[in-house]
Every structure is written in structure tokens, then in C-alpha cells.
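Have a look at the structure below before the remarks.
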């Protein structure tokens, strides 16, 4: 066998390894989830009981699924105007300028801040601020978590939007300018419609990020195992229940947490898949 | 200056006086150009690439101001109004512009492309008014028969030549005084090119047309007046017939005989 | 010709345009304000504690911290156990992820458009989207349960390495795509074996790009807490045995946060962590900028 063939086989087998790793991940999660699935069945998804009392153990994921979807969705709404404005700032108004490079770097750095640091800042700075403003009594809950999540996902929503906006062909913009459009009108009638699927994909990917964030949410959501009863109410998310309850878990409880992990894996997988599909369709 | 062959026009619709444009300090793309344009004619701006012909065209609706650090000196009178004293968005509404590559808005239907000027300028129209403008503009560019059954399809599905005529219709729909065209056929095949050329000769009955072209034959075929630029300077301006048969300046002659360009 | 175009809407529209312009600037300013606020908060509250001591000593116990607080002194000790743990786990994760990631990236580059390559690329994208806490669960199931029979640095490293993999794969492929095809062909035309073309031409040419990707991936995993809670667990002393529980800076921050006596240490630990992460981030961006 010559060396070229060996090289090819090595490359091939490492690529295969990636597929194997992914397959192993699913396999292990499903394996770990089986005891809980066998015990609770599909009802696990709809049940909102979380009772670890020995002998009458009963677990359901509804509060966590609801908490995850609600906080992530609110975060997405909060992040929308901010990241859209930042994308326009970087990709249109100040494209290729020094100030855009600096702001762009700072937005990138937002993605670099560890989740736990966001959590601390949220706990010690944002939470008291919200209490002072009269928004909340305790400062814990859906709204506070969503606010910190919104900041955390801004870089993901912004970077794709910025890139797509700056790629809108110049001659389209000029056509609109030549008819007397103001810059804002060029943005609203030419740039945003042309870039919309890319911007949308960016938001989907950002949403996928929010779904899986753990530490910052764990520190701010209040960790009550129920479906949030209001915008300012406390709750729990799939990621944070795993982080909180894992230490003392074994048996059925551990298996239930693994089911939640598997569900989280599936939900983020679907959301990210949709985002990537949109990007692929744009070419 | 005085020995240059630059003819005068009576009652011009457009009067350019001592116009200079610099992209940055002392880097002039257009140097002290004075030209008058006659109503209802086709005027061609010619010259080798980089001679400033596109910049001159863009200075007529202030599109060149989209670039930063632009410095403009001189006066441009359109119907007696100094366009540099008006808000840019009003200046651009008085002129229509057509670009090198056909650029219909890809997110809009053919119908919406034609009335885009109204939309962009925040003018609300009744359905009947819109229908009338769309039909008239598309008839003006001889596109109506080809697209009347697919008005609500995206303009980007048309052929290149059809797209360019759609872009001309879009420029006409708003009722401009002057239509500015920047090498409008350079991205088209010969058949589509000749259709656009026929169209321009027809359109001059109602509009004044200024056309940048690097295609001398095209200028000879369709323009009434020609303007030759070299290194940002206006070298010669005359009736097209005269310039092509009897150029006064050596540089014009060399360009027309293909010595450079 | 038609009177409609005489309607003058310019004043109102220009005003709107101005307002929108300033709104965009204000919102962009608001967007980046957290980074400024967070960094200044960390510096203001954390700088006092940072010293040589802080880097070379282990975490104090609760009692030591409590005594210091009641005497109005700085809490003694440092986070040496966390620093060494982070280094150990990140280095080990990098050792696992870099070769696999780069070789897979080369495979994807060499097999553009082929089915297995597309599948691998899609799977790598899926892995990139998996929340880090789920990666912690997986490393728990694989390593803690089956290999080290207990919480361990190795399990932590495995979870971090899965996180790094897709980032390295992607940056490798993107970097190689930017190298002119002719360079590779020139090598092959000289009769150089394929693997030597990869090792001596492709990898060195794209070196700074690969380095950027690796540094970014490291900076990303360095601040991860959640997966380590499920795998490495933590330790109050320096541990360099990969099959034993090990601490890390983010794990310590989490412990300090939950212990009222130690809470003063969160700021200095966060400042240190953030400093390292941002430094790596900026260095990698700098390398990337130089390439262009």
C-alpha cells in the first residue's frame, strides 16, 4: 500500500470518528433515558410534577420545557431591536470604518464573556437595578433571566445580520437613492427585504443559543419547579434543572434529568437545523 | 479654454457651469466642466475609462455624494434651479437613473418595481392610479405586452434586456425631467442592446436623455450631441454628426480612431 | 407630465431619517454597554484581591474566610487549584481536539461536495449547537460512569474537547479553502507524497488561520462551568491526576457564589478568568487580522 492511500484512509477514518462521536452521544443519552421513559412514558413531557420523595418518585418536564421556551423567546424579542440596530450600524451606516471595527470587536467580546460571569453581573448589578426601578420585588425570574440571555445572544444574532446586510449589492441601494429615497427608506425597502432571510437565520441561531444557556439562567431564574405564572414569575429551565439537581441525583431522578438533556438536545438540534437550512437556501 | 470646441445651446434644460468634483483633496475626477444640454435630445458622454464620465453623470443627480469626502464646486441648473441648493432627495426625484447592470429590486414584483419611486418617496396612490402608471410606463419601454400577464412575479426572472427595460420604466414612472443612463447596455447582448437603443431614440420625444457610453458606435447611432472627456476635462462638445465627421481636438480624433481607450 | 411627483414630502422624511440614524447609534451604544459595565465592575471589585499570593495559593476554607472577614481583612489564599485545574483540563481537551479537528477539517477540504464529507460537516454543525450542559451529561455517561469510575479531570476534558471539535473543524476547512489550489498542485507536481503536501505545504501556509481557530476554541471552553459541574466536580487542593476530581476557575466562582463567607472572592476570580479569556480572544483576532 502506498503512502497516499494510507493518508486517505487516515483522513477518512477521522471524519468517520466524528460521525461515531455524534452517534455515541445520541446512543448514550437514549440509553440513560430509558428507565425514566419506561416509567413515565410520553406523559413525562406533559407532567408538571417534580417529586423526589423516595417510594413515590414522580417526574415531569413540562415546567422546564415551558421555562426554557419562554425565557428564550422573551430574550429573542428583547435582543431583536438591539442586534438589528447594531447590524445596521456595522454593516451599513459605518461599514469599513474604524469605529465599526471597534464596536464589532466589542460585540464579539460579548460572546467571549463566560456564562457564569454574566450570571454574577446579573445577580449583583442587574437584579438590584431592576428592583430599584420597581420592575420586580425579588429580581429573580423569567424577565431577569431573559434580559441577561438577550445580552448573551446579541453577538450571534448580530454577526450574521451584519454580514448579510453589508453584502446587499450596492447597485440596488443606488437605484433606490437615485429615486430620491432617504437612507432610512433605502434600509427599510431595499436592504432589510433583501437581507431578511439571513437576518432571520441569525435570530434562529441566537434562539438556539439561548435554549441551552445554563449558568447565568440558573443564577437568576429562581429555580422553582413550576411553569412560570407570569412575566416576572420564577421558574426553571431544562439546562438549569440539570445543573441544579444533578449533584444529588441517581436512579430514576438521574434518568429523568438525562431525558431532559435528550429533549434539550433534540430541541436545539431542530432549531439550529432550521437556521442552517435557511442559510443553505440563501446559497 | 477658449480654443476648445464647445458649442452653446439655446434654452437648455440643464446647464452645468464650472463643475469640479474631487474625491479627496486635489484629486479631481471632473475638472471645471461647463456644458449645456438641450431638451428632448440624447446627449452622449464619451471618453476612455477613468476619464470622469460616470462622475460627471452622477454629479447631475448628486449620486456621487454617496461616497465620503466628496468635494463639489460649480453650479448645475436644472430647469433654472440650482440642484446643489435643493435637498438631495428632491434632486434625485427630478431625474431618473439607469445603471450598468440591470438592478430591479429582487424582493419586489414587476408591478412594485415600476411604482417603487412613489413607494420610496412615501406617496400613497389609489389602485387605479397605480395601474395606470404601471401600464403607461411599461408601454413606454415596450415591455407591456411581454409582462402584462406576470406583473406580480419577481422582476428578477426576466431576461437581462427585459430587466434593463424594466429599470428604465422604473425611472420613467416618476415623471423625471432628465434620464441619466450609465453605460446601460454594457451588460446586455447585441439583440437586447439594439432594443434599448431603439427605445432611447423613441423616448427623447418626451424626455431628455444623457447617456454615458464607452461604445462609440452606440453614441454615433443614437445621440444628437456628444461630449468627449479626457482626464476629467471636457475636451470637446458638439453635435454628434460634427464630432464624428470632423473632430476639432487631436485627442478626440485619436479616441474616435481607436488610438487609445 | 404628472403632478404626483411634485408632492413634497422631503421635510418630514428627512427628519425621520435623522431620528432613525440617531436611534441606530443609540441602540448600538446600548448593545455594547454591558461589556464596558461588566469589565469595569470586575476591575473595581476584584483588583484588590489579585496578587502573586492569589495565583500560587489554594482556596481557603470557609473558617479562614470567615475569620478574615470579621477582622476586616482580605480573605487569604488564592485559586491555584482552579488555575492548575483549568490549565490541566484545557490542555488535555486541546490535545484530544486539535488533531482530530484538524485532520477532519483537512478531510472536509479535500472532499468538497462528497456525501460523507457533507454528512460530517452537518454533524459537526449539530455538535456545535449542542448545549454545553448536555455535553457534560454525555462525558458523565462515558467517562465518569465507565472509565474513571468517579468524577475526574479526564471527564471534564472530554466534555470540553467535544465542544472544541466543531470550532476547530470549521476554522481548519475555512482556512484551507483560502489557500490557492495551485500551491497544493505545485507540491504534487514535484512528486511529493500526499501526506507531505498536507504537512509541509497546507498546514504551514494556513498555520496562523489554524492557530486563530484553536485559540478562539480554547477561549470559549475556558470559561465553561456547566459541563465541569457534571464531570470534574471540583477540588480544594491542586490535583494533576486526570482520573481524580479537579477544580477549575469557573467551578471555584460557582462555589464562592454559593458560600456567603467566600463571596468576596468571586470578583477577583472572575477578573482573572475574564482577563485570560479576553486576552486569548484579542490575540486570536489580532492574528486573524494580520493574515488579511
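Worth a mention:
As written, the chains take the letters A, B and C, and residue 1 is the first residue of each chain.
By definition in this document, a residue touches a chain if its C-beta (ideal position, glycine included) is under 8 Å from a C-beta of that chain, and two chains touch if they have at least 3 such contacts.
Values in this document were obtained by computation on a predicted structure and should not be read as measured data.
This structure's chain pair with the greatest number of C-beta contacts is A-C. Using the average of C-alpha coordinates as each chain's centre, B ends up farthest from chain A. Chain A and chain C, compared by their mean Cα positions, are separated by 16 Å.
Computed from the mean C-alpha positions, the centre of chain A lies at a distance of 50 Å from the centre of chain B.
Once the centre of each chain is set as its mean CA position, chain B and chain C turn out to be 54 Å apart. Counting partner chains per residue, chain B has residues 89-90, 93, 117, 121-122, 174 touching two or more of them.
Shown for chain A are the residues that touch two or more other chains, namely 182, 185. Each of residues 13-14 in chain C touches at least two other chains. Put simply, chain A touches chain C in their complex at residues 3-4, 6-8, 10-12, 14-19, 21-22, 24-25, 28-29, 31-32, 81-83, 85-86, 88-90, 93, 103, 105-110, 112-121, 123-125, 151, 154, 158, 182-185, 187, 205, 208, 211-215, 219, 239, 242-243, 246-247, 257-258, 261, 264-265, 268-269, 271-273, 276. Remark: chain B residues 87, 89-90, 93, 117-118, 121-123, 125, 129, 133, 174-176, 206 touch chain C in the complex. Contacts from chain A toward chain B in the complex involve residues 169, 171-172, 174-182, 185-186, 189-190, 193-194, 196. Of all residues in chain C, those touching chain B in their complex are 1-2, 4-5, 7-10, 12-14. Listed in rising order, the residues of chain C touching chain A in the complex are 13-14, 16-17, 20-21, 23-28, 30-32, 34-38, 41-42, 100, 103-104, 106-108, 110, 116-117, 119-120, 122-134, 137-138, 141-142, 162, 165, 169, 193-195, 198, 219-220, 222-226, 229-230, 250, 253-254, 257, 266-267, 270, 273-274, 277-278, 281-282, 285.
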